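Quick heads-up: structures coming right below.
Look at the two complexes coming up: chain A is in both, with chain B in one and chain C in the other.
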Partner chain A sequence: MNHLLNKQSLPELLQAWRADYDVYLPQRLEGFSHFMLLGDQKIGLPDRPHNTRVPPKALFLPMTEALVKYTRFGAYKDAELKVNPRIVFAVRPCDAQAVQLLDSVFEQERYSDPYWVERVDQTITIGLGCASGCANGFCTTVGYGPFSKDGLDALLTDLGDRYLVGTLTKAGEALFEKLDLADQATAAEAFEIQHQAHESMPIAFETENLKEKLQQNFSSTYWEQISESCLGCGVCTFLCPTCFCFDLVDETQRRERVRNWDSCMFRIYSQEASGHNPRPTRVERTRQRLSHKYVYWLDQIGQIGCTGCGRCVSYCPVGLDIRAMLRQAQSLPFEVNHAS
Partner chain B sequence: MPDLAGIKAEAKRLLREGIVEVVLAFKASDSPLHPQPAFFRSEDEIDQLIYNGLCANNLARYLTRLPKQTKLAVVARGCETRSVNALIVEAQKKREDLFLIGVPCEGIIDWRKIIGHAGENSQLEAENEDQVRVRAGDSIFSLARADLLHESCRRCVHRNPISADIVIGEPVQEQGPENQEDFVNGFRAKTLEERYRYFQQEAERCIRCYACREACPMCYCAECFVDHIAPRWTESGATPAGTQGWHIVRAFHQAGRCTSCGACERACPMDIKMTWMTEKLNRDMREKYNFECGMDAQTKPPFATVTLDDKQRFTAGGSH
Partner chain C sequence: MPLKFRSPYTPMPMHVLHAYYESTDRSLKTLELSFDDPEDSRTFFEQFNPGQFCLLSVAGKGESALGVASAAWEGEFVRFTAQKMGTVTKALHELKAGDPIGMRGPLGNGFPLEEWKGKNLVIIGGGCAFSTLYALTKHIHHEANRAEFGKLTLIYGTRTSGLCMYKHDIASWHESEDMEIHQAIDVPEENWLHHVGYVPDVVRQVAPSPVNAVAVVCGPPIMTKFTLPALVELGFDPKAIFTSLEKRMKCGLGKCGRCNLGHKYICKDGPVFSLAELNALPADL
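Our next item is the complex of A and B:
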């Protein structure tokens, strides 16, 4: 269903939701924005669509979280998990897409992560589509788009003084059902904006045969070339909306077993107890990062594990650019595998 | 204005004459606001070399990433030449394996500030000591360089290279110590509680990505204290204990080794202010030991020396 929402009445609507939900939306800190819990404060309209510095995956997979509490004498119990019903508002479609991709990791038939599942189940996600492209994003290149609907309960299109609200699920519809329906002309106007936005995104690199090229050139010097100036920090992975690796550690002073974000770009990530490290240098670690997104995700679920949000490009401290790396990969030699 | 043609000519000469194997400098990347550190190994590659006010990294970081004997040239500003000296003092590189192409520096431009003025799709068009011209689509912005500088560059007192083998371009006017002094005094004037609150606010944004560590030329330990398993020195998560522990110990490991280059702050994806700690330590070094890191390639940092006439005994319970 398509509804119309006047921008002026948005703050009121957000406050009204607070009766039944925790409401999260991007709020400005000093120099960047962050998904934060809405309180009583007056808020302005959300900025134009933009990447929060930390992606909303952090609302589902916190940077740090206690899973088990134990005593000195061997007793332990699961840490309490209490998630209120919540609405996450003004999520970019690339970030919502990422959360949906991560469902395939954390919610599998045989194994599912109760923490992730509970948080996803309690969350209604409302997207704000990107009418104007962003400098470093490349969503359409990887098969998604500025108005992708995956992972969303409703999607907003900015029409100047109001939004067109396309509701996509029952839960989404329930939040907006009191609003007027949009007439066909307005819906068509929104569709045109969505279409234009999609068309205006440049193709950053070709994805055809990219997986095969990366796979077949596993031992190529290409990986040395693209990783030479890499610092080996965790910016690209921690700010990535689809990176999900974590580490389990015992914080003995607090008597808690804790799950922390971890990064395949760190040396100790793959360091084994024997002293052996199967990914001893930044060359192997860079290969892992790119291959995970552009080879292994495809093998596992048939989708690229990168939604093109562009954070890794914007915040790499040494200006490394995954778009340029993959464009360079396109010139690698490869053989078509006719058998498949 | 940096003399790019001059830098390139010198880099080519060094490679052509076999004086060095690698020239460490910057090249353009896809995103115009983010030049990339790059390793140039042949004359042809030098055509891609760029140098402008957006080159944000301290290239001395890479000295310890190449095999120790590599004959290496570095395009180096004031801070980078000092970091190189500090690394030589710590026996990480031999001076004779290095050729420093000195470049006087007008201060590094903060790309975040450019975006704040002109938007995401900005490109640097021209720059000089006073003005920076930025293009964003069809619009041109003329911005005052002073408003765009990184904080550490605003405070810098050594913009000209120190002990370079050659200096390309005219020396720039050095800034006085006022900004540096005001900055440290500003923190000194705060109460202990205020300082701690500020530190908490900054540290709580930390995501433990270690970009600050990896961007720092002096963080070359084979294993950082946070990566130790036994004993564990600090919590590894983004908890208050973990982030505060990390930032305090990181700063203290820099005592007498930091050149105030600010590469840590520039690398931080969370805009965490951390140089206020190292700046205070640097001033302590100047005041108490008359030492400024990286001013030559011989003098050891005070905390790396022990002499028989040390005023204070190192052992607990010694005379004070």
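Our next item is the complex of A and C:
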């Protein structure tokens, strides 16, 4: 169903939802946009700056979280979890897509993660499509788009002084059912905006045979060339909406085993007790990061594990650009019929 | 609020039944653990297969991945041998009988025993990585399972005789008519009656037949690296050569990311892989 939502009445609607839900939306803070829990504060429209610095994956996989509690006598119990029903509002389609990709990691037949599953189950996700392109995004290049609907319960299209709200699930419809329906002409106007936005996204690199090229050039000097200026700070992985690696650490003061975000760009990440490290330098670690997104995800679930949000490009302190790396990869030699 | 389903991150409560040094230099210690909750024991043994591993948990120190070194028929306990290396294994070495300990598992795939039925088995181990092969040998050598497999050949090498694990069983296997055992140490010692040399060379010397046979290799990376080609030279098909891999692990469930080898996670999709499978994966070990 397509509804119309006046921007002026947005604060009122968000406040009304608070009766039944925790409401999260992007708000500007110290120059960056963050997903914040809505309180009584006056809110700004969630559309500037374009996207949050930390992706909303943090609402499902917190940066730090206790998983196990233990006693002095070595008894263990689950860390409890209380998640109120919640609405995450104005999630960009690249980030919603990423949460859906991560579902394939955390929700499995064997070993589902109860913390992830509970958070996802309690969440209604309202997307805000990207009518105007963002600085470094390349969603259409990797097969997604500025108005992708995956992982969303409703999707908003900015029509100037109002949004067209396309509801995609029952839960999404229930939130907006009291709003007027959009007429055909307005729906067509929104569709045109979506179409234009999709068309205006540049193709940052070719993905044809990219997987084979990266895979078959595992030992190439290409990896040295693209990783030479990397500082190994890990920001590309921390802010990546599809990166999910974590560490488990015992915090003795709190007697808790804690899950913290980790990064394959750190040396200690794969360092073994014997001293051996399969990825001892930035060369192997950069290869792991790119191969995971552009080779291994494809082998695992048939989708590229990068949604083209552009954060790794925007926030890299030395200006490394995954788009340029992958453009360079296109000139690597490869064989079409190589067993892969 | 309690979780909606059992968390795979929370260890089961266990107690140390026996703790003893496995090597004369005290670098290796064996722990035998009993289950506090009979329900945990039941579900463990329903799933357990030789070649699987567990995460042993010491509160305040963390977890360590260790291969299971016992066979199910031995009783309702689980055996591990830990080399003292870092924070957790040091803490494991300090445990004594009666101490509490946490355990998660069994994890990973284990050896494909169904696939191996009716075949001759060549089991090749080196150092403390022999633990899961010990579990495998004990399983196969047991009278209830022995008839399901063909000829059994065991090749086991350690740096010194003092580092040889499970000495009691090894001694009895030398007496057994039901298996061929070749033991090796790296450098000569007085009164040593068996092979002297590195495992890949001993494998070449013993030259087990590849006919209707599978070979399983588990040892330090350098041993595995040179033993796999030796088996290929002897005529073993890469599909009939198996090895058990190890990488740094945290979750053991294919989620924390670090033990991937290409698109496979060693913890979840392994640790046991055939050489044919490994040949199709990137050399990221």
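By definition in this document, the second predicted complex is superposed on the first by the 335 of 340 C-alpha atoms of A that agree within 3 Å, B and C clash if a C-alpha of one lies under 4 Å from a C-alpha of the other, contacts with A are read in each partner's own complex, and residues count from 1 in each chain.
Throughout what follows, a contact is a pair of C-beta atoms (placed from the backbone, for glycine too) under 8 Å apart; a residue touches a chain by one contact, two chains touch by 3 or more.
These numbers come from a predicted model, not from an experiment.
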Clash-or-fit label for the pair chain B, chain C on chain A:
fit
What is the angle, as a multiple of 10 degrees, that the CA centres of chain B and chain C span when seen from the CA centre of chain A?
90
First (chain B), second (chain C), both or neither touched by A:Val105:
second
Just to be sure I read the superposition right, which of the two partners does A:Val249 touch: chain B = first, chain C = second, or both, or neither?
both
What is the contact status of A:Val295 with respect to chain B (first) and chain C (second): first, second, both, or neither?
second
Mind working out whether A:Arg323 is in touch with chain B, chain C, both or neither, as first, second, both or neither?
first
Taking the superposition on A as described, I'd like to know which of chain B and chain C A:Val258 touches: first, second, both or neither.
first
Name the contact category of A:Ala135: first (chain B only), second (chain C only), both, or neither.
first
What is the contact status of A:Ser331 with respect to chain B (first) and chain C (second): first, second, both, or neither?
neither
Could you look at A:Leu67 and tell me whether it touches chain B, chain C, both or neither (first, second, both, neither)?
second
According to the contact criterion defined above, which of chain B and chain C contacts more residues of chain A?
C
Can A:Asn84 be said to touch chain B (first), chain C (second), both, or neither?
neither
Report the closest approach of chain B and chain C over their C-alpha atoms in the superposed model, as a whole number of Å.
6
Common interface positions of chain A, toward chain B and toward chain C:
247, 249
Where on chain A does chain C make contact in their complex?
67-68, 70-78, 80-82, 105-106, 108, 110-115, 117-118, 215, 218-219, 244-250, 252, 255, 257, 259, 262, 264, 269-274, 276, 278-279, 284, 288, 291-292, 295-297, 299-300, 339
Touching residues (chain side chain C, partner chain A) in the complex:
1-11, 13, 57-63, 85-86, 89, 99-102, 221, 246-248, 250-251, 253-258, 260, 262-263, 268, 280, 282-285
Chain A touches which residues of chain B in the complex?
29-31, 34-39, 56-57, 61-62, 112, 120-121, 205, 207-211, 213-215, 227, 235-239, 242, 266-267, 269-271
Where on chain A does chain B make contact in their complex?
29-32, 53-54, 63-64, 134-136, 228-229, 231-235, 238-239, 247, 249, 251, 258, 260-261, 263, 266-268, 313-321, 323-324
